[in-house]
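Chain IDs A, B, C and D follow the sequence of writing; residue 1 opens each chain.
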Amino acid sequence: MSSLEVIVGSLALRNPIMLASGVMDETAGSLIRVARSGAGAVVTKSIGSEPRKGYPGPTLVELDDGYINAMGLPNPGIEAFAAEMHDARSSPVPVIGSIFGSSPKEFSFLASKMQDYGAAAVELNLSCPHAKGYGMEIGVDPEMVSAVVKEVRSACSLPVFAKLTPNTHRLMDVAKAVEAAGGDAVVAINTVKAMAISAEIRRPILSNKGGGLSGPAIKPIGLRCVYDLHAEVNIPIIGVGGVENWRDAVEYIMAGASAVQVGSGVGRVGLEVFESICTGMRAFMEREGFATVSQMVGVAHE
Amino acid sequence: MSSLEVIVGSLALRNPIMLASGVMDETAGSLIRVARSGAGAVVTKSIGSEPRKGYPGPTLVELDDGYINAMGLPNPGIEAFAAEMHDARSSPVPVIGSIFGSSPKEFSFLASKMQDYGAAAVELNLSCPHAKGYGMEIGVDPEMVSAVVKEVRSACSLPVFAKLTPNTHRLMDVAKAVEAAGGDAVVAINTVKAMAISAEIRRPILSNKGGGLSGPAIKPIGLRCVYDLHAEVNIPIIGVGGVENWRDAVEYIMAGASAVQVGSGVGRVGLEVFESICTGMRAFMEREGFATVSQMVGVAHE
Amino acid sequence: MSKLRIVTITSVTKEAAGVTTLRFHDETEARPGQFYMIWMPNVDDIPMSISYNTVEKGITVKEVGDATRALCKLKVQDRIGVRGPFGNGFKIPKGKVLIAGGGTGMASLLPAAEGIGDPGRVDVLIGAKTASELLLLERARRSSNEVHISTDDGSMGKKGTVVEMVQKHLESKRYDIVLGCGPERMLSSLLKVCDKASVECQLSLERYMKCGVGLCGSCVIDGVRVCTEGPVFSSAELRKMKEFGSSKRDECGCAVKL
Amino acid sequence: MSKLRIVTITSVTKEAAGVTTLRFHDETEARPGQFYMIWMPNVDDIPMSISYNTVEKGITVKEVGDATRALCKLKVQDRIGVRGPFGNGFKIPKGKVLIAGGGTGMASLLPAAEGIGDPGRVDVLIGAKTASELLLLERARRSSNEVHISTDDGSMGKKGTVVEMVQKHLESKRYDIVLGCGPERMLSSLLKVCDKASVECQLSLERYMKCGVGLCGSCVIDGVRVCTEGPVFSSAELRKMKEFGSSKRDECGCAVKL
C-alpha cells in the first residue's frame, strides 16, 4: 500500500497535508481539532510581539472561487500564546509556530519564544510591512529576507520555514536568499494582492480596502511559483494556494512541493478536507504506481 | 438618459467597453465583427516585427473561473498586418494597434507603422522578454519602460497606451515612469503568471509550461491594481482582467478606470458580452443617478 | 457559499429603549436560529440573528457599541450589506417546546416559535432586567398560547430570572425540548436546570465573529466554530465544552472570563 | 465550458494506409459534426472530428504531420487529453439526406448518418483519390441503404470526383439537405452544385485552431469563428464568406491561398 509519510526538512509527517497559517489556528482547541481531522501538521496563526485586534469588519469577502481577506493579523500576542501552545502539546501532529515581525530582531525574539513553547518548527510570515520602507512587504526584498532568516537561524535551533509572497517578480531571488541564509524550507504562496468593490455602496468592501486573494482562484499562480522554485532552490518547498482536493495536492507535489498546506479549503470544503485529500491521494498513488509521496515530488519537471 | 460616451486620453468612444488585445483581433474580419457586436473600441493582437507561429499546442487551458494561455505571441508580423489594418478601416469604432518588441527602437518602429496604417492609438504590450536581461519582462523595469515610452512618443503622434503586467511589486513605479515619459494612458492588467499540471500525464499542460491567467480569477487582482494606480497617476487608466458583466465594468470604473477591456469574456460569455455590459451599465447608471461614465470614475476612493 | 448582497431598509421599528428592528427584502431561505453578517459601510461587519424569517427578513439590534448604534440610526431607503444565512439553526423535534429568551435573545427564538406554527405546542418565557427592556412580547403572544414574563426588578411579570421560571415550568409540565438564547451566564444556568430535569435543550451562543464562514477561527469554543457548527448547540455538545459559561475570546483571540 | 480530460485508448484500428481510428471512453454527449481538441503530450493539441459518437468515442486520424503521426502510433492503454466537444454540429432536418464525404471528411459525417438511424433516409457518397484510400465503407453501408463510391483514378467505384456524383444524384432524386465534409476546394464546388440544384447544404470546414473555444481568433473565416460558430455552416452562411474556398490563415495568422 502506498504511504503518505513524508519528511520535510527534518520534520517527519504522517501525511503531507498541513493546515495553513491563519485558518482555525488561534487557539489550542482549534489546532487540536484540525490535527484530529487528519492534517499532517498544523501551523498556528501568525503571532506577533503584542496583542492585535486586527481590522474592523468586513475582513472577508467570499467569491465563487475563493476569498479576499484583510484580517489585519489579529492575534493574542506571543506572551498570551504561551498558554495555547502549552495546551496544543496534546496535538497528535507537529505544531508549527507562525510568526511575523517588522525587523530581524523581532522575528528572532518570536522564534525563540516559539521554541520555548515547544513548536516543531517556525514559519516566518514575510508578508508584513517592511518597517524601513514604504509599507512594502519584507518578502519582496532578498536582503531583508536574508537578514531575517539569518537572525532567526542563529537564535533558535528549530527548522525555519520562510513563507513567501507571490506579489513580486523577485520571488526566485528571495527564495535563493532564504536558502543561502540557512532556511530549511520555503512555503509558497501567501495571498495575492486583491480588492473587491461594491457597486451599490461605491467603495471597497473590506474595511482595509485592499486584501489578499486565496482559494482556487490562486491555485494556478501558486503552482507556477512552486514549479519555478523547484528549478531554483534545493531546500524543500511547501505548496499553498487553492488546495482543496487530492488532485490539487498531487499537482503541487508534481510541481515540486514536498508537502502542501490548506487554508481556504477549510472554509469551502470543511474540516473533512484533510482526510478526503489523503484518501484520494492514496488511491491515485496506488492506481499510478507511486509507493511514496517523495517519488512524486517534482516529476512534472522530467 | 445616461450616456456611455467617454473620452480616454484624446480618444472619444461611444462606450467604455473595449476589446482586449489577443482575443479575436488578428484579422480585419474579426476586428470589425467585434466592433459591430458593440465594443467601444477594439485593440489588435500584439504585432511584432516578424511573423511568429507561436507555441505548439496546448496553448490554452480552460478553468472554472478563467483560462491560462501561452499562445506565444503568434502574429503575421507588421508588414503583413498592413492589409488587415487597411480592411479594418471600415470598423465603426477606433482600432488601437497593440505592438510588442524587445527594445525601444523596435517598439518605435512598430508604432510608426501602426500610425501609417491608420491606428487610432498604440498600445504597448510590455509583458515580453526583456532582451538585455534574463527573459524577465520589460514591464517590471521602470527605466526600460520609460525608455520605450519616450522613444515611441517621439516616433509617432498617436495616443500611447502602456499595458502593464501585474507580476511585479513595482507596478506603481512602472506606471509613474509611463506618466513621466509622456504616455497617455496605462492599461492594467495583463495576465498573471500561472501554470496548470496534469496529474495523469505528470507534466505541465501548456507546451510552454508556464502561461498567463485571465478571466474572473484575476478580477480582484486587476481591480486592486487599478484602485492603487488611480491614487498614484493622473493619466487615464484602462482596466482589464475578468470583466464579463456590467457589475465588473462598474467596479473597475469606480476603482478608477476610464474604460475597461474584455478578453476572456468573449470566450466565456460570447460576442454579446459587449452589448450586455453596456445595457446593464446604462440601467445601473439610471437607477443610481449617474448621468455620465466619468461621474463614476474613481468614486470608490471618496 | 453565501455572497454579499446589498439590501435596502424597508422599515425601521423601535422595539424598546436602544433596540430597533430593521426589515429588508431578501429571498434567501433561512432556518430559525441562523444569523447574517451585517455590513454597516464604513463601520463594521457584525453577526445578527434573523428575527423575521419571511422574504421580508428582519434583524433586531440592541445598541451596545459603534456598529449597533450606527445600525439603529438607519432610515428607510438606507442600504446595508448582508451575508448569510449562516450557522445551523434550531432543530425542532416533535412535541412540546419551551422557549426561554433573555434580552435580544428573543430575536432568534421568535422565528422558531413562528416556524412551529401551533400556539398550543409552544410556551414562551421572556426575561428582562426591567419592564422597559422587555422585547417582542406581542409577537410572542401571537405564536404561543402561554407567554410568561419575568423581570429582575419585578417591574413586570414575575420577579426573578427567566431560568427560575424555566425551572418551575419543567417541574410542573412535560416538555420535549427547551430552546434558549440570551447572555451566556443565563444559558449555563439554563443547561444545568434542564439537565437536572432531564430535558434536552438547544442553546444559541454568541462569540466574536469575523468571517462568519468557518475560516478565521475567531469564534471557536473548545475548537468548535460557533459560526458554522453553531450557533445552536445541544445539551450533549454543551456539556463537553470547557469554555461554555466560563470564558470567551476577544478580538485578539485572548481568552477572557465571562 | 469543457475542461481537459485524460482518457485511455481502448482500441486502435487501422482504416487505410495512414489512417487510424482511436477509441476511448468519454461520457460527454456530443452532436454529429462536433470535434475535440486532442492533446498528444509533448507534441501538440489539434482538432479532430468525433467519428464515433457513443460513450466509447472515436477519432479517425490521417497522418499528415507530427501530431497526427504521433497519434497514429498510439497503442491501447496509452493516454491522451481531450477537450470538447466543440462546435455546432450538423442540424439535420426532416426528410431525405445526402451525405458527401471526401477523404477523412467521412469521419465527421458517419455519426450524422448513424444519428439519423434510418438507412432508408440517408444516401452516402464517398470519394477518394484511389481505392486504397477509401475510408469507412462498411460502416457507411450499415447506416445507409445506398452507398456509392468514386475514385479519382477509377480504381474503385465511379471514376471522377464525389462532387460530380452529387450533381448526378441531385438531378435524379429529391433531397432535403446535403451534408458535406472534405477538402475546401471540394466543398466550394459542392456548394455551387447544390445552389444550382436549389438544395440546401451544410458543410463542415477546417481552419487552423489553437484554443477551440472562440477566444484566440486563429480559426476565423470572414470574422466568423469556425471553432464555435462552425465548423458546420449553412449554404446561406457560406455564400457570404469571401474567404471560403479561396484563402485560409496559417499559424501566424497570415492569409494563404487554398
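Following the convention adopted for this analysis, a residue touches a chain if its C-beta (ideal position, glycine included) is under 8 Å from a C-beta of that chain, and two chains touch if they have at least 3 such contacts.
This structure is a prediction, so every number in the text was calculated from the model and none was measured.
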Query - Touching both subunit C and subunit D (chains) - result: none
Query - Inter-centroid spacing, subunit C versus subunit B (mean Cα positions, whole Å) - result: 51
Query raised in the report: Counting in whole Å, what is the centre-to-centre distance of subunit A and subunit C, each centre being its mean C-alpha position?
Result: 36
Report task. Averaging only over C-alpha atoms, locate the centres of subunit A and subunit B and give their separation in whole Å. Result -> 33
Query raised in the report: Of all residues in subunit B, which are in touch with two or more distinct other chains?
Result: 63-64, 200, 203
Query raised in the report: What are the residue numbers in subunit C that touch two or more other chains?
Result: none
Requested in this report: Have a look at which chains touch which and call the overall pattern line, ring, star, complete or other.
Outcome: line
Requested in this report: Kindly provide every pair of chains that touch.
Outcome: A-B, A-C, B-D
Query raised in the report: How about subunit A: which of its residues touch subunit B in the complex?
Result: 63-65, 68, 136-137, 140, 167-170, 192-197, 199-200, 202-204, 209-210, 213, 216-218, 220-221, 223-224, 227-228, 247, 250-251, 254-255, 284, 288, 299-300, 302
Query - Interface residues, subunit C side, partner subunit A - complex - result: 1-4, 6, 37, 39, 41-46, 67, 79, 81, 83, 210-218, 220-225, 243, 249-255
Requested in this report: Please give the residue numbers of subunit B that touch subunit D in the complex, ascending.
Outcome: 22-33, 45, 51-54, 56-64, 67, 69, 71, 74-77, 80, 83, 198, 200-201, 203, 205, 207, 263-264, 266-268, 270
